[in-house]
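In the two assemblies presented below, chain A is common to both, partnered first by chain B and then by chain C.
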Partner chain A sequence: MMGQSEYLEVFIDESQEHLQTLNDHLMQLEKAPEDISIVGEIFRSAHTLKGMGATMGFEDLAHLTHNLENVLDLIRHEQMSVTSHVMDVVFESVDDLEEMITDIAGGGDGSRDVNETVQKLEALQNKDQEKAAASETAAAAVDSPQKPMQEQTAVQESYDEYERTVLKQSYEQGYNPYKIEITLDEQTMLKAARVYMIFDVLEQVGDIIKSTPPADDLEDENFEFSFVITVISSVEQEELKQRVLKVSEITNVSVEVVNVEEPVPEAESTSPSNAEEPAESAPAKKDEQKESAKSDKSEKHSGGSKKGSELNKTIRVNIDRLDVLMNLFEELVIDRGRLEQISSELNNNELSETVERMSRISGDLQEIILNMRMMPVDQVFNRFPRMVRSLSKELGKNVNLEISGAETELDRTIIDEIGDPLVHLIRNSIDHGIEQPDVREAAGKPAQGNVHLSAYHSGNNVFIEIEDDGNGIDKEKVIKKSLENGVVNEEDLEKMNDQQIFGLMFASGFSTAQEITDISGRGVGLDVVRNTFETLGGNITVNSVYGEGSLFSVQLPLTLSIIDVMLVEIGKEKYGVPLTAIVETAIVNKNEVYSAHAQKVIDFRGNVIPLVFLNEIFEVPDRESAKGNEYYSLVIVSKGDKIAGLVVDSLIGQHDVVLKSLGSYLSNVFAISGATILGDGQVALILDSNALIK
Partner chain B sequence: MAVETADGYVKVIVFQLKDEEYAIEVNDVQSIEKMQTVTRIPGVEPYIIGVMNLRGIITPVLDLRKRFGLESRDYDEATRILVLKRDNSDIGFIVDGANDVMDIAASNIEPTPEVVGGVAEEYLRGVVKLEDRLFTLLHIDKILNKPEEKQRSGM
Partner chain C sequence: MASVLIVDDASFMRMMIKDILTKNDFDIAGEAANGQEAVDLFNETQPDLVTMDITMPEKDGIAALKEILQQHPGAKVIMCSAMGQQSMVIDAIQAGAKDFIVKPFQADRVMDAVQKVMG
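Up next is the complex of A and B:
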């Protein structure tokens, strides 16, 4: 084991991928139990897992997959039908596999008591072996006609109208059209090379009109051992055969003269519309055969993960390295800021040109690095179908999970963090939202509940929404509970709109579950969920119509670390306002400011917007400089449809900065989301304008 | 308890605060910095002076005099920032001056007497007597605990 540690990482990565493939395809299979091609995919993943597990010395894993494979094999050969019970056992064993892989990833030895699951799998096999024995004759009967048919199709060749014309013309010009079927030795290592040699030989004596499978497939070795080539040549049939046979590793060559008149013998006797049929059905069969040849082949090569043509040109890079790259780049951004500042002070043309160029290049670099860290949310979403399945079984509910926008990309750091809170929200929707089937029917809804998980981009944000058509949230209950738990007092409550009231559910110590179930309501409530999203610079809102369903909407920033800010000065302090929150900046005369309910407001493009005096909120000292000024500098910020004007002393300008956290010791500083290091080495705080808008 | 060297000694950094000498274990200290620009953070406890840029890392800075409720004084040439290693982020303590690094025998550490120079007893781990010097060993975790923490998060 020790010497294999370097392979361990690869093993874990790949196993997780295969497990995911297993899960995905099993879910598909459950929806379409008759689609045997899916079983092939599942079988391949299981097979690879078994191989890898055995190589790495994880006996239990190999043992379990071996049995799983046996069951899958039976299904694949249609000796076992896909029942709900079979699926349950298969899912159970995949769960076991997951546990083992998780254990291994966590430094364990991956051992696990798999006896129970193995016995269940064996029971499945035995039961079906009896059945299989009984239906063996039937199966054989089904099998037998298939085989000769396949052999026949291998010799068959069909020509479209154009090819027939070519053949006919060359025949008229004195050439002979030949159809040559060539079978390579099964031991042949370099099939493509043999194909090439055969083509070469034939081209010396004639022209190749057609090959089946097509030349591309032959070159890619996408065929088993035999293929058909049609040539026109002036040489005799026997000579052609001898020439081909000179190429080694060929077991059989048969040459036939193509009857150029014959291909449509029936066409002339029947209606012309039927003429197409034999030509069409034959290639269809060919395709089938090709398909099976292909899948057989990739099965043999199941170490390679996908079919050759789909291989992406990617490399695996440890995420730590990307993090280091990102950190280094952040340093660079800070120095870039410093350089820009120096060059503007020195006012030297060559220097400023060079700095400008460098800034542009590092801007491009920044985009690439950030993009490199982007991953589709599918990484998180893909485990939910399984979860929903088992959860709804457990709760006796009928739930359909719909996923859209899984290709939406987010920074890797964010992806890593949002899994657990999303799990929590989905569990919440199913546990508390979706009702039991009979309750749903009584309420006039379809028995099957729907949970729609969607992700989409909007500006510099990504939204993830979880919508269910369940019971919705009982506002009265939320109010009662919040009052009971002292989350809110009646006075504040009166001023709240529905959304704010629902928002109370995210306060700590809140749970509306009537009974404590195993699924949610274990105390770690929605407050933890909200906290996680907020630490990531996002937020969560909920809306609900009682009786009809609820919608949880999570807003997340595209990326965490480098943001565009407007730097502002208040007294001698500098603050950054994220550009994403800014509507615009403005300068207003002090006499344009009115008072309404002891709140300073301005009339801004026909809207009355409140002013927020940052110097008061932040208790900024030393503000003599700003006192004599008769204008206010404003940064107008928005939060959803609400806007406010932040009053500052002066606007410095727009900067790309690296957002850094204040650290755990300073978590929860009001209206400050982090800090950044400016070009001169000073620390500037970044505002969280959302906290300033009420 | 203290991390002791093989022969029962504890390595400490001795620093000045008002008229007294205090000690922190060397293992807890990341570096000692001269006073530098600190950016104020609004709305936090008064003893949290702000954050500084410590070689690219945003580091919170605490004034230990304020933390202990001693009267403040202006920072000068002797003022130092002791940067302490914490699990997830470093924290700087402003002290009047860093005096010494020394090994003290574990046997020289005595339990805290009832009252020591006005610093509340809970922050102290023991008192060291060494010839003519006397200094107090501090309890880092206690100093970092915000007493108001619970009330604040309950808001």
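Up next is the complex of A and C:
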């Protein structure tokens, strides 16, 4: 094969897409087993995979898809019904395919022992063919004695009396009778189609009197590689040969003139009745095939046009390039900030106009770049139906997964990261949440449990929620376990509301499962889940009613790198508070501050909220300016339904900034999520307000 | 130099054919990812030859073939098929396709078909 490396990337990309299509449509099919149009789509994906796999030389992949395709073909032509067993085997083979593609993507050769799956697929085919084949085998048995005949020497052909008469008559009318032996290339794959082409060519210049083996067998590919056609034609011998040679995949053509006078003694007795048949049955059979081909095609066509409207023109861009583009743009944003500052200092009309215009355009540009990186969460969600299906089978539970808002978009970087934690959460819901069917019925619930996975936009955030109608979380058990594991002490516990108590489950080293299954007992706890979401600038909360179900809610930022912040000043240092966390800003008189539980609080719109003195937390020196001030400037921030007031010296204003990480040396700085470069070249630290609210 | 329009919904397959053809000094008139694009591009570029995949979304290769031949009776179209599509290939030949090649493609076979059709 040709240099493969250049195709490999495209191959992997497209294969993964097709695998996804396979999975999606298979799930649909399972829900609506009668909808044959879905099978058409599934077939098409399997088919393309086969072609690509074979071209790349991934034998096992091609072999497996080929068998898969055969089964699908039977379903498509309604020769097999979609039973749960059939679906299991098909899913299993898709799993195998997935493994192979993953292996290939990881640099492997994609080889895999597919025999077991292939055997299952073959068993499916055979089971269904047995019925249909019963009659066919009988017919084949009659045909088979003919085989040895055709393997004899070249251009041996015998004619019965009727055929000889026809040949003779046409000869007398000025036509030449020829017998043509044609040998196909040994690698010819669609032999019947080749034969059809040859017949087509010959029929353009003459009439076909006979073929050996008969046309039926040729169409059914019941021949090795060569066959003999007798034809009457007005063209010359050599021209006839050249015309046939125009068809590809033919290794040899020999044309001979039939001697019509010569009597053929033995021939008559060997094939007396068979000979007449092909002449008549051939056209009939051919028409039949045309019919079936046509209906086949129109079926496909109608199925295809439905999907067509959804297709958009797209190009593939490596995500690295988008990252580079993003980085360059970030640099531009920093310079833009600097320019804005310079222009406001110089106070030159033309300059400020130009800068303003540039700011506006770069704002648009930013939106486009960010949008380019946005992908629907469907990318992550689409693998869950499969997972839930196999999981519920494994656990003997009956679970229905409902997905909504799959079109909600998120930054690609975030999409890449949230897959695993979501898998974990859904597994949790099914493993620990949804009860066994009999338990459910005993509790007066329907036997089928529901897990609802939803995504939606809200402000600058995307929420992903996983809700189940399972058993819910046992609060007492959570309390007991947290105390046992020292996650919390009793004093703190008393102050906690239900949601905070449930939140303890996200503390490290926590598992409320009564027995460890291989699904959730993998050693990855909910703390890892929480950490992942928090690193992405999000958070997770859980709420539950014991006996009725639980709701895990994940909040995620739309995008990572460029964020809106409120710049504040503390002493001579500048800090940015992400706008997404800010409820509002306020200025309060110092004598409105009270002390409660050794904590400074204020009464704010009827709520008692704690104050956080950033100058103490960050140990800001040199705060001359703030002294003697009668007022506190506050930034009120929220985390879930908890709020706090951050005390700063002054509020500067809202800015778009590029969030840069602090690098690996400073990865765990308390309450700081990163830094940014301001227009005047100063560095401002970006606060992680979630860490400041307890 | 003869120009070829490549039609296949898998860009991977298009790359393969393109590679084979360009190595043999053919011009690529264009690439289409479905039947409708193929018809449009044919009208636009008037290529000497088309390689046409059969199973494609939106409009399959046979429908596209028929449409192209209706407008350009002399068009030379080679169908690209996979094993198991015998009846569709026959349907295509009947509709006027000049030849067919079977996936997985082998360069010499593709060129054999192309040269026979062009010769």
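Before moving on, here are some points about what is shown:
One rule holds in what follows: the second predicted complex is superposed on the first by the 488 of 694 C-alpha atoms of A that agree within 3 Å, B and C clash if a C-alpha of one lies under 4 Å from a C-alpha of the other, contacts with A are read in each partner's own complex, and residues count from 1 in each chain.
Rule of thumb we're sticking to: a residue touches a chain if its C-beta (ideal position, glycine included) is under 8 Å from a C-beta of that chain, and two chains touch if they have at least 3 such contacts.
In this text the structure is predicted, and so the values were computed from the model without any measurement.
Shared-chain residue A:370: touches no atom of chain B or chain C. Of the two partner chains, neither chain B nor chain C is touched by A:479.
When both complexes are overlaid on chain A, the residue A:47 reaches chain C alone and has no touch with chain B. Within the superposed three-chain model, A:663 lies in touch with chain B and out of touch with chain C [touch as defined at top]. In the superposed model, A:685 makes contact with chain B only, not with chain C.
In the superposed model, A:197 makes contact with chain C only, not with chain B. When the two complexes are overlaid on their common chain A, residue A:406 makes contact with neither chain B nor chain C.
Set against each other, chain B and chain C touch different numbers of residues in chain A, with C touching more. Legend: residue contacts after superposition of the two complexes on their common chain; A:247 is shown touching chain C, with no touch to chain B. Contact residues on chain B toward chain A in their complex (touch as defined above): 37, 39-44, 48, 50-53, 56-60, 86, 88-89, 91, 144, 152-153. Those residues of chain A whose C-beta lies close enough to touch chain C in the complex are 2, 6-7, 10-11, 14, 44, 47-48, 50-52, 54-55, 62, 66, 69-70, 73, 187, 189-190, 192-193, 196-197, 200, 246-249, 289-290, 292-294, 296-297, 300-301, 304-305, 307-308, 311. Those residues of chain C that touch chain A in the shared complex are 9-13, 15-16, 19-20, 34, 36, 55-60, 62-63, 81-91, 93-94, 99-105, 107, 109, 112-113, 116. Every residue of chain A that touches chain B in the complex is listed here, in rising order: 330-331, 334, 508, 573, 617-620, 660-666, 668-672, 674-675, 677, 681-685.
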